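For reference, the structure I am asking about is given below.
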């Protein structure tokens, strides 16, 4: 029996501003990446989101970001590997304290937005991030883009990793994500995205935009909680998984 | 043989701005309260300060604050007990991660500036702060004003506490601090401050500004690292302690 | 023919987070108070909101706040009169630049949340705020609570003022607002709120919660744009005004 | 008689942290670029710096930055031209309000750190910045790197510009600045830097690191106020200017 993790970014409200449908989506997932206050989230939101996750038996992860509330952590910023290390350690430590206070442990770290892309593209940043996760102790898992160099770098550092793939994103021939703006970059039909997920989980491959069969064997699938139809898609995915005997669980 | 802790606020640089003489003063103290990024400090400064403390065998504490970089955490702000809890847990968790990454553990928490005063004056805030420290786990100690209600509140919550006193501040008849602005509120003569410290440690009392003998038996003395003569005073204090067989060590 | 101003707080989105129904409500009002980035708003949102106001012929005001994004400027903070002056001048200057760039001028300043309450309750803060508005030049108007001491203070400073009242808030016998939490503190029935508005505009009085007839003769009425029924209430108010020949226009 | 402007970045203290020797250097310069609160500075510091400038008859400019207090605005960040426009307008508007309140007008705008470099290197960002300065109105001057494309772009937008050069930086053969890290990138001998300044002002040229005579005819020279010998260098420069009949004055 195959098992896959479903993860989703959460806790992205901030102060008086609400974002996401965390309470509805939490029912469908097995791990959650909680905003740490640098692109979204605040101490109260972290606490609420940890409690919601534990209520649903969902593994608690930290979702560190560049320090850019106004830009939601989406604007790339020139930082050094040392700054990457410090950013990840600070933010993951803060979320971990809330996990511990609630009787749980920090399960994983997944970088957000521009920090995710920057650490995927730059080996020195990958290394710094992996070392930060390792230094957290407690065998915390690093979620990183499937097929990326970061997985190897992290393994070399001695960190457990989980490769992440996307049901609703188009892939290039080399197994990396096609840009969102490209035709087919975002998969909007529910059945097609479900089929892509099944293909990756059962067959270990994805069909690229150019029609090539590319190996992608993820440990975790990312649900985009900020899409208007996120709940419906999550439900469809779980139904398809149930029908084929695919279990959902955190790594 | 008597033992007293000497603590000092540190890590109060921020980005390009430097503050304090941490490297010089670290040699004289047994525990340090590290700014967590809300009134001062940043992830890199926390890392440097933790490393400096470990080099000198100094116990690492977190020094959480109201979120007010521009006001250096000195402007009182109307917050709820729940906000107090969240602020302390978030900031202490962040510093703890750096302690753990450096192979140490978080030893204590001491609130900064307005947060210190607010939590001393308001029982609901005391209780919230004590619960945050307790929920950090690991038997972290709460540093709180000697003779304040907060000590009892914290004990009721089940937190280890250390009562803090000041060698260079004048005291009122009820054992609380006289306002800084009042004549005698700040003790500027080194020998007088040293004598006050010795009196509190050996005799368990202080002479109030009105001349009354008031019981003050601290576990820890606070050194003000931002005073121009901080290093000289620290040296004088250690010399006086050495001469009288008073040991210096973290609780 | 009577004329009354209808003002509404706007531009309270921040980065990726949306708040308020500015586009719908702008059609009903004659002046808008634009968040300046300290409790809400950001440079892009200020620009959009100024453009929207000018499209509808609505007077552009600045809505400065305490520096507290996470608390939405609602948490009182101990600041000096000089800090009040600096906060207001900085934020109003920033919004004014956007008004000027769009070919308009800054019409008024109204403080937000805790800053509004603090400046109403403390004469030194009132004075500082009024001086900041005066020093902006250009005959900018200060919106302040009707019947408050701030109106006199501002007149003494030499600033034009507009007294603000609330259609949907209960009043005490002394003409000040009853606390929101008190029974009757918030008026939720549309017809009752409309009637209170008409009474203040035509008769110059309001009936207090205790049943007393209290003089309140506002220059401007505040619409709460964050209420779920804000648009419906705005429409009802305008309809009632039209039926009685009350004009709506900025002071 | 030749006239040159001497400008210096100032107001870079922040809250409790001090930076720079503004009071000493203000005596030697003719225009100052005041930090606006995004990389350094705060409303109180802006007010103090404006007052200090007016006391010395120094022209008041705004020194806008990327929003990065911790990184002192030195970390490049991927922003859109629209974000550039909004950042400059917001910050310059805030400083302008303090200038007006003090009875002066805003004289110029010069971008800080990474924003300066980004706007020099990217034509769309240059254009956005120039439009922001134009939309401020009041004929505010844009300070931009001498020989850069930004000067032309700004002229096309219809903004007055002043070309800036550096006495203490080495130049490349194309008239742009050599990297600081390169041998000769920073000129540390006072007499050599003074000679370079004189050469540029009187002869309209600089000798590149490779020994080539390159045309550089600045309107304004930048003094680095954060160098330890800034005051001594400013004095030497003024003395050399006096000896050769070169006047110092804002454009």
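Letters are used for the chains, namely A, B, C and D, taken in the order the chains are written, and counting of residues starts over at 1 for each.
Just so it is clear, a contact is a pair of C-beta atoms (placed from the backbone, for glycine too) under 8 Å apart; a residue touches a chain by one contact, two chains touch by 3 or more.
Keep in mind that what you see is a predicted model, and the values were worked out from it rather than measured.
**Q** Please find the path from chain B to chain D through touching chains that uses the fewest steps, and give that number.
**A** 1
**Q** Of the chain pairs B-C and C-D, which one is connected by the greater count of C-beta contacts?
**A** Higher C-beta contact count between the two pairs: C-D.
**Q** Same or different: at the chain A/chain B interface, is the fraction of residue numbers used by both copies above or below half?
**A** At the contact between chain A and chain B, which are copies of one sequence, the residues are largely the same (over half shared).
**Q** Can you compute the centre-to-centre distance for chain B and chain C, using the mean CA position of each chain? Integer Å is fine.
**A** The computed centroid separation for chain B versus chain C comes out at 43 Å.
**Q** Can you compute the centre-to-centre distance for chain C and chain D, using the mean CA position of each chain? Integer Å is fine.
**A** Centre-to-centre distance between chain C and chain D: 39 Å.
**Q** Give the residues of chain B touching no fewer than two other chains, as numbers and ranges.
**A** Residue numbers touching two or more other chains: 42, 70.
**Q** Show which residues of chain D lie in contact with chain B when the two form their complex.
**A** 13-19, 40, 42, 69-72
**Q** Flag every residue of chain D that touches chain A in the complex, lowest number first.
**A** 67-68, 70, 75-79, 114
**Q** Inside the complex, what are the residues of chain A that reach chain B?
**A** 37, 42-44, 46-47, 82-83, 86-87, 89-98, 100-101, 132, 135-137
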